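Across the two complexes that follow, chain A remains constant while its partner is chain B and subsequently chain C.
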Partner chain A sequence: MSLVEVKDLSIGFGDHTVVHQMSLSITPGQRVGVVGESGSGKSLTALSIIDLLPESANTTGEIIRNVPAGESLRGKHIGMVFQEPMTALNPLMRVGDQIREALELHLPDIDFTARVSELIAEVDLPASVAKRYPHELSGGQRQRIGLAIALAGEPELLIADEPTSALDMITQAQIVALIKRVCDTHNMALLFISHDLGAVAALCEHVHVLEKGKCVESGSIETVLKAPQEAYTQRLIAAARPTRRRLKTREIGAPLLELDGISKRFKLPGPFWAQKAYVQALNDISLTIRESECVGLVGPSGCGKTTLSRIIAGLQTAQRGTIAFDQHTYGRKLGEMPHAARRELSMVFQDPFGSFDPRLNMAQSLYEPLYLMPELGHAERQERVHMALERVGLTPDMLGRHPHAFSGGQRQRLAIARALVLRPKLVVLDEPVSALDVSIRGDVLELLADLRENFGIAYLFVSHDLDVVRAVADRVLVMDKGEIVEQGDVDTVFDAPKARITQQLLGARLGV
Partner chain B sequence: MIGFAAKRLFGVAVTLLVAAAILFFLLDILPGDPARFMLGINATEDAVAALRTELGLDQPAFNRFFIWLLGLFQGDLGISFSQRMPVTQLMAERLQVSLPLALGALALSTLIGLPIGIFAAQHRGKLGDTLAMVLAQIGIAIPNFWFAMLLVLAFAVTWRILPPGGFVPWGENPLLALRSLVLPTIALALPQAAILARVMRTSLVDVMQADFIRSARAKGLSQSQAIWRHGVRNALLPVLTIMGLQFAFLIAGTIIVENVFYLPGLGRLIFSAISARDLIVVRSAILVLVAMVILVMFIVDLAYALVDPRIRTGGGQDDG
Partner chain C sequence: MAEQSTFVRALHHPSFRLGLLGSALFVLLALISLVWTPHPTDIVDIPNRFANVNANNWLGTDYLGRDQLSLLMVGIASSLKVALLAVAIGALIGVPLGLMAAAQRGWLEAVILRFNDFIFAFPAIISAIIITTLFGPSAINAMVAIGIFNIPVFARVARGGALSLWTLEYVDAAKLSGLSNAQISLRHIMPNVASLLIVQATIQLSLGVLAEAGLSYIGLGTQPPDTSLGLMLKEAQSFFFGFPMQAIIPGMAIVLFVISFNLLGDGLRDTLDPKLTKAGGVDVAG
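And now, the complex of A and B:
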């Protein structure tokens, strides 16, 4: 007998159908994965099973849940963990109280305080966490609390909607292992929603592949991964194993960017009369990037990757050390970076949705960097913008549109085009493909490789994804706690890692 | 939390000092001689000079400022030029009217505004929501002195259940005193209640989209349980800020409403002191108002920190 049986479920809003004729069943203790890209309808399917669809949604088809009449479905029979650890908990309530609330709803007449401690211990957190507020916990810790809340009602089915997508690699591997363990100890079934084939492969026995609201393929995880029948599944699997790209016609040139002894600390908040406390974000960083070289920068979250890339881009200052870039020196005062250096360096950010001003149209956004080159005439400006667009595979007729009219992949192309209008020598790429669906990732990486080949642009490629770094970078720098702990040729570093953090990062990979 | 409060208290002290200095020197450069004004046009130069010395007006501005400050610390706000009475005593009498009026209006606007806002948010897009928001729009649009006159017309002239104006001191008959404050309080409170209702609705509608409300529902709470247990408290954060700002408006609003209802409050005191060029009263009364507003902002800050644990810590700063 199935716990949940979904038959021919369609979900739509108004005339627009988002999920088409979806069918799936989950038996007790079974672990089922649903894989798909953003907008494929996988989250809506999950929400419909736990009966939390928005009111405006209309559904057809059938969902049979094996729940005794009169008992509450949510929390008691189905528990759910959500994607965003930052916003999924009430910020004003101690996390222990949030677990306790779930217990009080479903299990009257027990010692709540003791049970809260047991649940916190079960998700591998220290008991003192109960008294903390969500903002005092890391993303991974919050996700563990979310899991403890879901476990509180002792449900037979756990739905996890992208529970690891917002976490760094090491934490992701830990949470996946934890979910697997609690499912085993409680003999709980799992519905795991993810865009990440690796995570699904690590957890699930059975998988459904969704494309644009339709289930295109389903079966046991081994069969689907080894012998995918549908083109879409094959594309997903191929994209999860990025192809290696190296320079073919061009040689790596002379040193372009040299950092010497860069240190940076942040002041911790506190009353002005108290002793000042600091966090050392960067400690004595020295590195070199050569012309046309692609250097990967990896490390766990909080290791200082972003601070370092912001200092290189002149968006932040360092306390000590010097930056020599293309015969210019800067770094310790904000605004000190000379215009002549700024036009040789661009940056592409992780979030293609947040990095465009929503009120500017694309023409305004793309022409903006050219203020650094007042010597250019109108025709030359236009030529540069059009050429940049062409290089990223877009056409000038899109320039009148505003950011919301583009998809995530198109926006990241536009962000790259914006970085290219200056024809820079170095582009700092801060997690350029992390926010993109796997199938688009390949295109963007291909584009970056072509630009390097054709124009000799050097990259600093900041990423948490070791597979991507290995595919695109010539050299890699591994950072931990504000220091570069290991560096060298990608293959050498990844095949024979010496630093402990490199070994941990490599161990946390969830490959396909 | 203690550290947070101490830090803010220091800020309060500095703000007050700066406000006092600005107030003193601004009023000092105004043209017109209080001594001449008090003695009338026919006074001799000698008499005016004597009074100037008596009032200390012949001393340099800085000295007078520090004498005034010193007096403030001792609770001595000076002697009114026009009424020949200690300003402290004058203000104490007037505050007995104005303070209950402002606080009562704040309480009333909260009691009316917040429930309407919550109701509207819960029935978002339905008839109840539309009605509540139309009412709120009207409440915001109506000037409160005109609304005050309507109230007088209805409750005092037509139905004769409340006095149309004037004030019976608390010492004589507390019940009558209270009765004379009912209409002014309503007149002051309703427009503010309308603003609060709108802010509360918008804030709660936002919070209801939040992920943690969905998490609460997934836990097994019903929609209204989730709103009351998790939504309202989060939605109150922006409302608190507005309430603090409103208190400043309420105090300023008393000047108009006290004139309509003929109440002997702080507002009328300031009004008449300005016409009489009684700078000592104006200066001290305004400083008391400023102090009250700063104090309320301080209380709002503390309340914020109590409600929201994130405020107590805050993020790191660039040590450039």
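And now, the complex of A and C:
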């Protein structure tokens, strides 16, 4: 007998249907995954099961929950873990008391203090965290507390809505392993909602693939991964296993960018009379990028890879060290990055929504880099912008529109077009595909590979996704705590990692 | 989804509609008074003084026999003029200061912020009294005094809005394109904080009307033979027990004037501020 049975569920707001005819069932102890992109209706499906839909939603269909009449559904029978661990906890309450609160509601007859310690031990936290406030814990620790609260009522079903999306790779793998272990020991069923096929594959036995509110495919995880029937599922799987792309006709050339001994530290805020505290963001970094080469830069969050890429792009200056780029040398004591160097370098940002001024139309944004080339006439400017658009597969008639008229993938293409207007020799790519839905990542990566092949542009590819880096990069740099701990050919480094952090990062990969 | 213009969206907001109606009425009265008033305001007609509401003088006459409606229209015009110019002074000096503080950071920001704190440390009415006693009471000095108090208000709003924009990626992209901080401020920051500034301007406008009335009431603002709402109130004070309408008319005008502009500002803020709309707590119109 199944724990929860959803039959032909449709959810809509006004006359706009968001979930169409969804059916799923969860048997005791079964782990079920729901995979889909943002806006595919996966969270609403989960909320409908725990009866937390917004009031304005109208639903049709049937949800049968195997719960004795009169007993509370939430907490006691169905527990939930949320995406954002900071906002899911009460900031003014010690986390131990928050677990206790859940216990008092569901199991009023037990020794709360002992049970709280047991729950905290169960999620692998030291007993001392019970006395701490949420802001004193890291994201991963908060998510563990969220899980402990969900476990307090000893539910038969746990719903986890993107519980790892806000965490870094290494913590994500730990939380996934923890959820799996907890489900096994309690024989608890799991409904796991994620956009990440890798995490679902690591956790679930059964998977439902959602596209635009419709369940396009469902089945056991092995069958779906091995023999996906629907085009959409195939695209998802292909995106999780990015195609390897190497230069075919072009050779990697002479050194283009050389960093020598770059250091940067930030002063921590504090009262002026106190001893100044610093955080060393970059410590004596030296690296080389050659013409037409794609260099990957990976590392855990907070390792300094963003600072390094911003220094290379010229958005920040280093406190020590020199940079030699395309016959220009600059750095501390040698002066600012010269304008002539700026023309040869551009950057593509992570967030396709934040990278365009919402009040300017695309023409205004795309002509902007040409401020660096005042000598160009009107016709030449227009030719450059139109050419850049053509290269990314868009047409000049889109130039009159504002950013809100474009999808995320189109915006990222436009951001690449803006980077190409200068015809640069080096483009810094800061997580260029992480904010994109998986189904369009492949297109953007292919575009980047084509541009390198055809125009010999070198890339610095900053990413936390090792699979993507392995697919696109020739060489990889691994950073940890402001230093480059390992570098070399991407296959050599990933097949035989030497540094501890590289091994950890590789171990945390959730591939499919 | 079709993008509605901000103005159309604002019109669905009840307090914006009410505020717009009231403000438009006052502005209209002020504009008409520049070319025409029902009666001249500079002719004294003692035999007809303290007249009640009648067909000839819709709101009666004052202690010199002047038509109250005409005086009210001229008074609104002069109060509005003082408040508008005070807002202009505040915005023209304060907004560039705020944008500069956000763009340059460092010592320049510290200096601008300390300057703001210095002005804020004096209650507005006290600094206005100091200025008008130093330079003599007049409408122009009242305007300057209120305007100076507006400077830090606009500087703060501009800096606060600009600071959050400076962290965005399109600003980084503009820096990579070699734009100077001043160019970025004008091209990207200013248009994106404009909505905040417009809202602040309407609120400062209503505060300006109130401040002008206060200064005129204690004899430091507009001087006779000119008139303003505060001055009318002051002149009516001596006859309040005999002829309460003399004070009630300009008093009510001030109250309605201020309420209208505040409602307009609130409505604008609700429609323009994306943070409030996302929280979902704004759509009073339903």
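The definition used in the following text is that the second predicted complex is superposed on the first by the 469 of 512 C-alpha atoms of A that agree within 3 Å, B and C clash if a C-alpha of one lies under 4 Å from a C-alpha of the other, contacts with A are read in each partner's own complex, and residues count from 1 in each chain.
Here is the rule we go by: contacts are C-beta pairs under 8 Å (C-beta built on N, C-alpha and C of every residue); 3 or more make two chains touch, one makes a residue touch a chain.
In this text, all values refer to a predicted model and were calculated from it rather than measured experimentally.
Visitor: Return first, second, both or neither, reflecting whether A:L287 touches chain B, chain C, both chains, or no partner chain.
Guide: neither
Visitor: Examine A:H135 and indicate which partner it touches, taking first as chain B and second as chain C; both and neither are also allowed.
Guide: The first partner, chain B, only.
Visitor: Does the superposition put A:T317 against chain B (first), chain C (second), both, or neither?
Guide: Touch status of A:T317: first partner only.
Visitor: After superposition on the shared chain, which partner residues are touched by A:V207: those of chain B (first), chain C (second), both, or neither?
Guide: neither
Visitor: After superposition on the shared chain, which partner residues are touched by A:H404: those of chain B (first), chain C (second), both, or neither?
Guide: second
Visitor: So, A:L167: does it touch chain B (first), chain C (second), both, or neither?
Guide: neither
Visitor: So, A:D351: does it touch chain B (first), chain C (second), both, or neither?
Guide: second
Visitor: Return the residues of chain A at which the contacts from chain B and from chain C coincide.
Guide: none
Visitor: Within their complex, state which residues of chain A touch chain C.
Guide: So the residues of chain A in touch with chain C come to 313-315, 339, 342, 345-347, 349-351, 354-360, 365, 368-372, 404, 415, 418.
Visitor: Under the touch definition given earlier, write down the residues of chain B that touch chain A in their complex.
Guide: Counting only chain B, the residues touching chain A are 3, 6-7, 210-212, 214-221, 229-230, 233-234, 307-310, 313-320.
Visitor: Please name which positions on chain C make contact with chain A in the complex.
Guide: That would be residues 3, 168-170, 172-179, 183, 187-188, 191-192 of chain C.
Visitor: For chain A, which residues are in contact with chain B within the complex?
Guide: 50, 52, 72, 74-76, 79-80, 82, 84, 87-93, 101-102, 105-106, 133, 135-136, 146, 149-150, 152-153, 265-272, 274, 278-279, 316-317, 319, 334
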